[in-house]
Amino acid sequence: MTVLEQPGTTGHTPPPAWQPRTDPAPLLPDAEPFRLLGTPDSDGLDAGLLRTLYRHLVRGRRYNRQATALTKQGRLAVYPSSTGQEACEVAAALALEERDWLFPSYRDTLAVVARGVDPVEALTLLRGDWHTGYDPVEHRVAPLSTPLATQLPHAVGLAHAARLRGDDVVALAMVGDGGTSEGDFHEALNFAAVWQAPVVFLVQNNGFAISVPLDKQTAAPSLAHKAVGYGMPGRLVDGNDAAAVHSVLSDAVSRARSGGGPTLVEAVTYRIDAHTNADDATRYRTDEQVEQWLRHDPVALVERELRGRGLLDDDAAKAVADDAEAMAADLRERMNADPVLDPMDLFAHVYAEPTPQLREQAEQLRAELDAEAETDGEHGREAGAR
Amino acid sequence: MSTTSTERTSTGAAGAGTPARKPATMAQALNTALRDALREDPAVHVLGEDVGTLGGVFRITDGLAAEFGDARCTDTPLAEAGILGTAVGMAMYGLRPVVEMQFDAFAYPAFEQLVSHVAKMRNRTRGRLPMPITVRVPYGGGIGGVEHHSDSSEAYYLHTPGLHVVTPATVADAYGLLRASIASDDPVIFLEPKRLYWSKADWSPDAPERVDALGRAAVRRSGTSATLITYGPSVPVCLEAAEAATAEGWDLEVVDLRSLVPFDDETVCASVRRTGRAVVVHESSGFGGAGAEIAARVTERCFHHLEAPVLRVAGFDIPYPPPMLERHHLPGVDRILDAVARLQWEDD
Amino acid sequence: MTVLEQPGTTGHTPPPAWQPRTDPAPLLPDAEPFRLLGTPDSDGLDAGLLRTLYRHLVRGRRYNRQATALTKQGRLAVYPSSTGQEACEVAAALALEERDWLFPSYRDTLAVVARGVDPVEALTLLRGDWHTGYDPVEHRVAPLSTPLATQLPHAVGLAHAARLRGDDVVALAMVGDGGTSEGDFHEALNFAAVWQAPVVFLVQNNGFAISVPLDKQTAAPSLAHKAVGYGMPGRLVDGNDAAAVHSVLSDAVSRARSGGGPTLVEAVTYRIDAHTNADDATRYRTDEQVEQWLRHDPVALVERELRGRGLLDDDAAKAVADDAEAMAADLRERMNADPVLDPMDLFAHVYAEPTPQLREQAEQLRAELDAEAETDGEHGREAGAR
Amino acid sequence: MSTTSTERTSTGAAGAGTPARKPATMAQALNTALRDALREDPAVHVLGEDVGTLGGVFRITDGLAAEFGDARCTDTPLAEAGILGTAVGMAMYGLRPVVEMQFDAFAYPAFEQLVSHVAKMRNRTRGRLPMPITVRVPYGGGIGGVEHHSDSSEAYYLHTPGLHVVTPATVADAYGLLRASIASDDPVIFLEPKRLYWSKADWSPDAPERVDALGRAAVRRSGTSATLITYGPSVPVCLEAAEAATAEGWDLEVVDLRSLVPFDDETVCASVRRTGRAVVVHESSGFGGAGAEIAARVTERCFHHLEAPVLRVAGFDIPYPPPMLERHHLPGVDRILDAVARLQWEDD
């Protein structure tokens, strides 16, 4: 390549014409979060959809309550409740077709259950049982991701692979406001936009990352504004309005499915419970703030819409509540049974075939378990390593 | 498995007189160490996720933001590479950052900053940009944590030249080693055994024992039959095993390394030369773990004193198990005694 | 924290008022890269500044050529030339005060030299001599960063520390278009904005990351558009217009210095040479593209401005060229001398005090070196490990 | 230090007849392996920085994008965690990604994806989401690279359960092991010794030797006095040392591990039991390096056959040196022979 010898002799013309690679205007989010419930636009909402949302919301709320109770009974190691965020959880699951994939974050058990995973299997991880309880391939639900934002590039890769194979599959990936600060968030959104992968990113901005409030997390006008930096549209939605979240996500899913590329959706919501049962939220936020959000409750919003349009009476509401109660009772009961784990499974899935080293170690454990069993037999005491 | 430890040996010089000692947890000792460091040196800054208002998910930084302000104890955005990367810049300007990684596995996003900059900066600038950074990492299992919350990552760090790797096993050391780490002009990976956070010992917060220099092991129990070489969360387990071993007629010595880098060859080899037998015990996976290095170097140095090969009792070579199975993974008393029994006590 | 018992009874009011946390409009870059030279605005430019820029540009151009020549002579291991990008390199250095810090990327040797580092010391790394040749503290220039974008959080941390200490120091960090895809870029910009740290990020968009063109790197309208997602202003500038880059950077530096927070600047430029001397750019780009950019040469732009305003005649131009020639001759000569390294230095700076392990290893090397020296003495052959 | 290797042992079954053999470089063999894999299995996808149009900075992917298109050989954005993270997603959908990390040290940003997902995904989903990903990492020094371009990072990987760690030392193995790695249903870290890329051997691109299974070491030179245990870039150096050692009357066996995980205890221990002495040789820092594991496990298994402790010749425990000093860091023939001399040949 030429090294310029005589700069003075080079002509002086403007640079090769510069132009933005996409028009930024349509990528920018609206000035206000999109809302449907309680607005004139809610009239157009499908009654069946509203009823379905309502049923899932009530079940979801009940599920959160039951799971939290199970932590107190020592039946769950830990539970990050999504109470207050049920609209996002439910809408995320319902916006997808069966062939689509869901990539949940650790708080998104409700979305996993709403997608059809058995409520007990969805808790396997949090119970201390095997890491992932459900079959991700059967349900097209990735494992609940504990390392924040790391699941986002997975969603992009899967969506990209599906597109390469000619399948019209969409991936929807969930992340929290805190998770948007991670490098993985950035890299995933960038890959998605460059590859025009059929992915929808749903950020649940619930105001906190454990104790850290949003204004220590970002200085952006909104998290949805991050989209423009990747060249994808950013959408802002009221995360407590299940109809609005469902609508925005459904639009983004269709757009992705028809080759329009990825979308970033920020759902503005609030975490009503503490971070997990182990957290003490009074250390970092006021009750007033919580009260304020309780008045904008996602379950109540849909219920009021249904009742206002005469689509729900007390009997129907009771039926929905009973259904949720039954689910909770079943969950409680099944979670009371101790899961039976085989310690030898520790070696079963590290590789397709255990290495010689793992075979040796498995033999060691087998011998220990046999010895334990023998001692137990002899002395009748509890099996257990000291 | 015991989750509390009673300290057998106190190290470092105690203050003159007899300061009031009362039961304290390792968590309290760590908290006191941070507070004292912040008080004594305005260059010390604590940063990490939830370390401010909340006081950390393990409460190790409790009360620091209130006492020293947000600028000295800072809640950062949720991005570990960013936390460590900005700490590098702060150190370049003469500050002495103490970084908290919330859990072992969540330190991995910062791996590049750690290996390519924190560990190398002094060397690549011929000493002009030292990195007096302490990276606190709660590590290890035994607390029933879900996946990604129980990793033992010390082998990654100890193989990275330029880092010091330190881990306390007692309440007194938690204070003494953390102060020494913060005072060090080099980066220290300070590994805090999660399951010892609530272990207790009598300790004096007003005149806590100091540790003069990193890199000294401590003999926690003297013995003559064989040496258990260990560190961090496995120290109490080894002490328990040593007690149990007396029933079999074995008098085991227990060496708490306290620091993996620098490594105290002197203390370790003196012990092994005396006993002629050794078992290394740690939680992390055995293959390529710290125990490999320890066994190899002890053998190189003490070959003709060894009656048996140095054996290792470590976690299996598997991803950390779910809580309900972790007891099968963690080195327990029985497994340690089994290893001791394999030290070729009869002639063969 | 309350778990809602009866969703139906909760009132239905709008959520706590939502508002963007900053107005996005002023954060968005202009529609076109900012230009000064050859525009009516250039009249206001200070003659002294133009002359200084010109001198540095000519020296820079010459330096690139000399360094590339040194690779052919085996005097440099590798050289990533910034020919075509001299305006960015020079303006970055000149926009800073002495107390400020520069954080260069691996291609930014020119900026380091323009900042006052000895031209030979700036090449120590690329020569195969010790990693960093200059004293970073003396010059307030961080080491040339090979791992891309990793220096950006360092700049943020340093600027933040200076601000905490009450010093009005600004950090300017340089990165390439490719580097903007790394997670470290994202995390650095986010920390900078949240902390309102006095940092300026200069992205040199030279169209390529080695062989990968910008449209495989990002789908954003421009790289400057990324700024809005962090809540900082994004500025777009013609990267070949040294006066424009200097002006935009100077504004950003003053803004940072006076507590206004960080700025992201995208300078649109072009890499005229191959990625490094070892690269073959014909594998991935056309000569036409290069020719187009040669017609918008950064050195020529300033020269034309100076001549047009009667600020430069042939004699003055020759003086500048001679000065650059002298610098190159000095560089050539000093680079021809073999540096003398002490192998024992391998152990000198790993820690403040070598560990006992390193002391042992140092003794081993010392013994080997002594033995080598002895053998050399006996047999007169070259010292060297086999 | 020699940078070309002549292969002493060819492994795997050669095709019927005698296919034409001609000099080929390791780079060519790797390129052929990728091409053949892309041809045979439509699920194979190559991705990384500059792997498409340019053909990779080492030209290992040369011509692949032209033959198979951008979708099969993809230039990605510059973000290693993103590359590996999207590869995880592609593998979840049934593809078989082959990822290139441009240099050893530039794989560190992907460390979290590697440790927390690639290595664990099969296990955490009880086998439902296997990760048939090959991560190609050019590694090691000796090529005069500036800082961050010469790291030997194998110890980080081999300590991470769930990963296979493979490294070829010969032209034939470059092909055979890479094909076997891509065919593996588990993730493989495939470490390519940079300084052997241009090493040559006679090889037949049309009927290249295949490797049946990962995890088998190869005896590259038979000997009786002591065993040199090594891998990757140090294999040719050990062979050279073995030749030089004949002058001292030592007949050294050289074992090329080829795979660190799984580890071939059988071949290694058989050799050491025969010779009674062993030296492990590798480039990476010694402390906590692969050699520690090898020395420890060989000692555990062969203690009573050992006439001397297993010694290690490794890089110093320092950040990789600048090019002008790297010869002092890298294990060379002299240093290996020095170690052999310390294997206690007289009674002591």
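Per-chain residue numbering starts at 1, and chain names A, B, C and D are given in the order in which the chains are listed.
The criterion applied here is as follows: a residue touches a chain if its C-beta (ideal position, glycine included) is under 8 Å from a C-beta of that chain, and two chains touch if they have at least 3 such contacts.
Everything quoted here is computed from the prediction, not taken from an experiment.
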Chain of greatest Cα-centre distance to chain B: C
Identified repeat of the B-C interface (over half of residue pairs identical), from C-D, A-D or A-B: A-D
Inter-chain centre distance, chain A versus chain D - centres from mean C-alpha coordinates, in Å: 39
Inter-centroid spacing, chain B versus chain A (mean Cα positions, whole Å): 35
Distance from chain D to chain B - Cα centre to Cα centre, in angstrom: 32
Per-residue overlap in chain A, given as positions that touch at least 2 other chains: 130-131, 147, 181-184, 186-187, 190, 194, 216-218, 345, 350, 355, 357
Junction residues of chain D - those touching two or more other chains: 76-77, 79, 81-82, 105, 108-109, 112, 116, 123-124, 147-148, 161-162, 261, 263, 287, 316-319
Residue ranges of chain A in contact with chain B within the complex: 77-78, 125-126, 128-131, 146-148, 178-179, 181-184, 209-212, 216-218, 283-284, 339, 341, 343, 345-347, 350, 355, 357-358, 361, 365, 368, 384-386
Touch list for chain D against partner chain A, complex: 45, 71, 76-77, 79, 81-82, 84-95, 97, 109, 112-113, 116-117, 121-130, 161-162, 164, 184-186, 215, 261-263, 265-266
Contact footprint of chain B on chain C as seen in their complex: 130-132, 135-137, 142-143, 147, 150, 152-162, 164-165, 171, 183-184, 186-188, 190-191, 194, 345, 348-352, 355-357
Chain C partner contacts - residues on chain D that touch it in the complex: 1, 49-50, 52-55, 57, 75-79, 81-82, 105-106, 108-109, 144-149, 240, 244, 287, 316-319, 321-325, 327-330, 332-335, 338
Interfacial residue positions of chain B with respect to chain D in the complex: 81, 105, 108-109, 111-112, 115-116, 119-120, 123-124, 147-148, 155-156, 158-159, 161-162, 261, 263, 284-285, 287-293, 295-297, 299-300, 303-304, 306, 308-312, 316-319, 348
